[in-house]
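Just below sit the structures, each encoded as structure tokens.
One chain, chain A, links the two complexes that follow: it is found with chain B in the first and with chain C in the second.
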Partner chain A sequence: MMVTMAHGSGGEETEKLIREIFAARFDNPWLSGLEDAAAVPGSQRLAMTTDSFVVRPLEFPGGDLGKLAVCGTVNDLLMRGAVPKYLTAGWILEAGTDLALLERIAASMADTAAEAGVQIVAGDTKVVENVHEDGGIVINTAGVGFLREDLEVSASRIRPGDQVILSGTLGDHHAAIQSARMRLDNDICSDVALLTEPVSIMLGAGIRVHAMRDVTRGGLATILNEFARDAHLTIKLEQETIPVSPAVRNLCGILGLDPLTMGNEGKFIAVVDPADAEQALELIRGTSCGQQAAVIGKLTEWVDTDVILHTSLGGTRVVAPLTGEGLPRIC
Partner chain B sequence: MNGSTRQAADFLRSYDGAKIRLMEVCGTHTAEISANGIPSMLSDRIRLISGPGCPVCVTVSSYIDRLIEYSMSENTTVLTFGDLLRVPGSGGSLADAIARGGRAEYVYAPSRVIERALEEPDRSFIFGAVGFETTAPVYAMLLEELLQRGIRNVRLLTSLKTMPAAIRAVARLARDAGEPVDAFLAPGHVCAVTGTADYAALAKELQVPFVVSGFGGEELLAAIYALVKLRGRGEMRNLYPRIVRPEGNPRALEAVNRFFAPADAGWRGLGMIPGSGLLLREEYSSFDAGSAELSEDRPAAGCRCGEVLTGRITPGECPLYGTACTPVRPVGACMVSAEGGCHTAYVSSGGKGRKKEADLT
Partner chain C sequence: MMVTMAHGSGGEETEKLIREIFAARFDNPWLSGLEDAAAVPGSQRLAMTTDSFVVRPLEFPGGDLGKLAVCGTVNDLLMRGAVPKYLTAGWILEAGTDLALLERIAASMADTAAEAGVQIVAGDTKVVENVHEDGGIVINTAGVGFLREDLEVSASRIRPGDQVILSGTLGDHHAAIQSARMRLDNDICSDVALLTEPVSIMLGAGIRVHAMRDVTRGGLATILNEFARDAHLTIKLEQETIPVSPAVRNLCGILGLDPLTMGNEGKFIAVVDPADAEQALELIRGTSCGQQAAVIGKLTEWVDTDVILHTSLGGTRVVAPLTGEGLPRIC
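Let's look at the complex of A and B:
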């Protein structure tokens, strides 16, 4: 069975598709009425975000589009210190897409949402004409999270002396997608994961987390340049401390990729008060997605450059943000 | 860092002998030197300059223009490696041509060329085959497969260059300009294919040292140390013996020789250099999409890639660098490729443009 233009007509087929594939899996009290808008309990301060997911292939080692669409938006909410609560899901389906594939992606999305403790409370489905031979799926998710009154996590709070913690190895998602596209035979898996555990443990323990950012498109280099620029400070990195798996390092060597500008989907950096850095590192390392976390650098007063890397060889160089395309559409 | 690397690092940091200009002639060396922060580890009396070792950078504009023409031709698709899509010809780039309805796709590996040819047997495919001695064997193997499988809808537009004659030309240009190159870092991957005899001969002829180097930070530091020590001596050293044998790779050379013959070639910034390229042999001319006549080079107004490629100016001395010409909107080829001298300088200076780059070189 395949998605057809009739599934997007707004008529009976559309309703059947929504009920059988989406509503059945995302079931919750706010969605089940299938009203024009969901009425949900709220909070004084809300964090809101939205993201669209266009990766191909739709299923890849370590994850799939459905898992990615939840992780990406939930992680963005977490990075502001919010507790993620609600998601919406907008689906754009190409005619010709295999319905069994769509069901797998929807099931994966539901599982990941359950794991994250968020409800998918509203959605939309459109069908567009066939572009790719085997069809295609694009998902947009918007997310709402509740913010504590007394907690402000943002780049504006970064101070000189703060330590930069990276939650694990760089480049895995990018390398896995690239390998799948090039049909390379290796064991590299995407790192796509919810960052709920390490973030909530740190915030729960009262770690003074000044800023967080998930290390997605543009890679570590781009994010740290943004932090440095926003804070008018310099970030000094130690190359030797930055974790990269041997398999990814090897692939980078062959393809001329730089782990510092590669995308990830389950890694974040936390900029923390120096007095709390050691405890924060220990807490992150105790979580399933943070075992290889490391302190990779620190903030200093601005010294003419935004991000400086001390190389393993003993040299120094500037770390520039990603310019140009890198590689297209990996998330 | 092991003991000998530390010794080399200490020596190079505190070197206070005569000023010395070293040229690396391989784009991957350029990129790795920068990635390892090596310029920051050298005394300011040691100056590294990037030579014409990035295949995309030395490609003449008429070659790009011809690929664009093909991309706009009926029932024809151009296949290239990714970088080439963004290199400006005399007008726009292949990427611009795609936006105007041209057909060009990038491939990661020549095996994809075969796949595309089989997917659309009635379509004509032109493969933009650029590169040095390192990539020529790959094209030879592709031709072999095309022959074996009887695939007739692929032709190659080649821009294949060979290093030794170009190095000689660069050395002469620099000498004539009063800024001679005192030592050369020989291209490790090229030597793995061709062997080292050409470089020993060049060292003797030019009376400057050549060191064949690997690509790791410690290997590069050791090679630079050796070059400074060998200054003034027309000698070649192979510091990459685990990969580079004196005789090279006979199988690869044989495959290349079967399909290609030495020819004159046009280089961006250097002009026509006799014996510095490869063209398909007469008997395989049915696979050639007209590569021989492409030597004219008309870069964009103000572009000084040619002088950058020959070490006559640093990237920062080009008036377009960092202003009109950036990695996002490259004017010259050296800003396109991740191994181009301007791109490397721009990225390693944090994209700050001219002043910072000048500080770092």
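Let's look at the complex of A and C:
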């Protein structure tokens, strides 16, 4: 069974597709009315975010588009210190896409949403003409989270002396997608994961987290440059402390890739008060997705450049944000 | 200047595109931080919705993709009786898309958001490979509105005796898109419009509005079947009361189209308490987008079928929801 243009008509076939593939899996009291908009309980302060997911292949070692579409948006809310609550899901399907594939992606999305404790409260489905031989799916997720009155996590709170913690190895998602496309025979898996556990444990313990950012498209180099620029400070990194798995390091050597500009989907940077850094590191390392967390650098007053790397060989180099293509359709 | 794959990298070019084309136009205190998620003031009850807009051509008589992406999502919030507040915008750009076109669409989106009184508080930009000769843009908008504690507008509130008001002529958006694709020489314009004015005037006047739905993909026939099914009632329509413009009626005659299954983007159905119907009609007719509003039917106890039409010729026919393709990529 394939997606057909009739599935995008807004009529009977659209309704059947929504009920059978989406509503059955995302069932909750707010979505089930299938009204034009869902009515949900609110909060005094909201965090909002959106992300479209255009990755190919749709299923890859370690994850798939559905899991990615939940993790990406939930993680963005977590990075603001918010408690993720509600997602919307906009599906854009190519005519000719296998319905069994669509069902697997929807099921994965539902499972990940349940794990994250978020409800998918509104959805939309469009069908566009066939482009790829095996069809295609794009998902947009927008998310709403509740902010605590007493907590502000934002680049504007970064201070000189703050420590930079990276929650684990760099480059895994990028390396997995690239390997799948090149049909390379290796064991690299995407790190796509919810960051709920390490973030809530840190905030629950009262760690003074000044800013957080998940390491996605553009990589660590791009994020740290944004932090440094927004805070008008310099970030000094120690290369030998930055975790990269042997398999990813090996692939980078072969393909000439730099882990600093490669995207992850289950890693984040926490900029924390220096007095709390050791405890924060311990807490993150105690979680399933943070076992290889490390303090990789610190903030100083601005000295000539935004991000500096002390290399393993004893030199220094300026770390620039990613320029050029990177890996297209990585997320 | 064209969109390139580098604009989707998440690196320097992406940031430049976002700052120059989007942030400059959608400037507000919540978006300007360009954090992973925007922090915005909340409310006790929220309405949430999402819609992806895949229409082609991107500019058409009466509107464009940017205007459509705001109207569609704002109107969905209005249909729940919510006050629209915040939008997120997910842009999916084909490599090769003209940047001047992107700027026009973004400007139109910003203008329409300002008119609607909503803020675009979070965004995302992805670039996919070139498919169409002239490039392509898809926009997903998700929306949050605030619900009043004392107001519930939902299909579940529909009662026998309720009157069905249609806010204006059917089929204009569908007819305009189809005419543009076929390069027909006529004066038909899309009716894409914000429904803010008629809805707020009705609710402000205390009209007992039981349910509302904007008449988009699937057309009036599909919406009314959903209403009838959800309410377990029958809707009886009077064909001669249903407004259709002469130009659209003419096009329907030539192409064999049925206005009842054609999509609009600036019309809605209000199901109101019979005692308030006359006043509601007068209020809607006093607004710029509702001058041709009409009472087109009423609800009765269920009698054998969901939606029945009394034709202009004196007969009756069952009105079925749209089946099959409709017009692909109409919105």
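Note that in this section the second predicted complex is superposed on the first by the 331 of 331 C-alpha atoms of A that agree within 3 Å, B and C clash if a C-alpha of one lies under 4 Å from a C-alpha of the other, contacts with A are read in each partner's own complex, and residues count from 1 in each chain.
To be clear about the criterion, a contact is a pair of C-beta atoms (placed from the backbone, for glycine too) under 8 Å apart; a residue touches a chain by one contact, two chains touch by 3 or more.
Treat the numbers as computed from the prediction; the structure is a model and nothing was measured.
K.L.:
In the three-chain superposition, say which chain, chain B or chain C, touches more residues of chain A.
P.N.:
C
K.L.:
In the overlay, answer first, second, both or neither for which of chain B and chain C A:T323 touches.
P.N.:
It touches chain B and chain C both.
K.L.:
Touch check for A:G8: first (chain B), second (chain C), both, or neither?
P.N.:
second
K.L.:
Counting only touches as set out at the top, which of chain B and chain C does A:S312 meet: first, second, both, neither?
P.N.:
Touch partner of A:S312: chain B, not chain C.
K.L.:
Let me test your reading of the model: by the given contact rule, A:I254 touches which partner, first (chain B), second (chain C), both or neither?
P.N.:
After superposition on chain A, A:I254 lies in contact with neither partner.
K.L.:
Pick out the shared contact residues on chain A: the ones touching chain B in one complex and chain C in the other.
P.N.:
On chain A, the residues that contact chain B in one structure and chain C in the other are 320-321, 323-324.
K.L.:
For chain A, which residues count as touching chain B in their complex?
P.N.:
182, 256, 258, 305-307, 309-321, 323-324
K.L.:
Chain A touches which residues of chain C in the complex?
P.N.:
Residues 4-6, 8-15, 33-54, 75-77, 79-80, 82, 86, 88-92, 121-124, 126-129, 131, 138, 140, 142-147, 154-156, 213-214, 216-219, 222, 226, 261, 263, 320-326, 328-329.
K.L.:
Which part of chain B faces chain A closely enough to touch in the complex?
P.N.:
1, 5, 9, 28, 31, 34-41, 86, 108-109, 217-218, 221, 326-328, 338-339, 346-352, 356, 360
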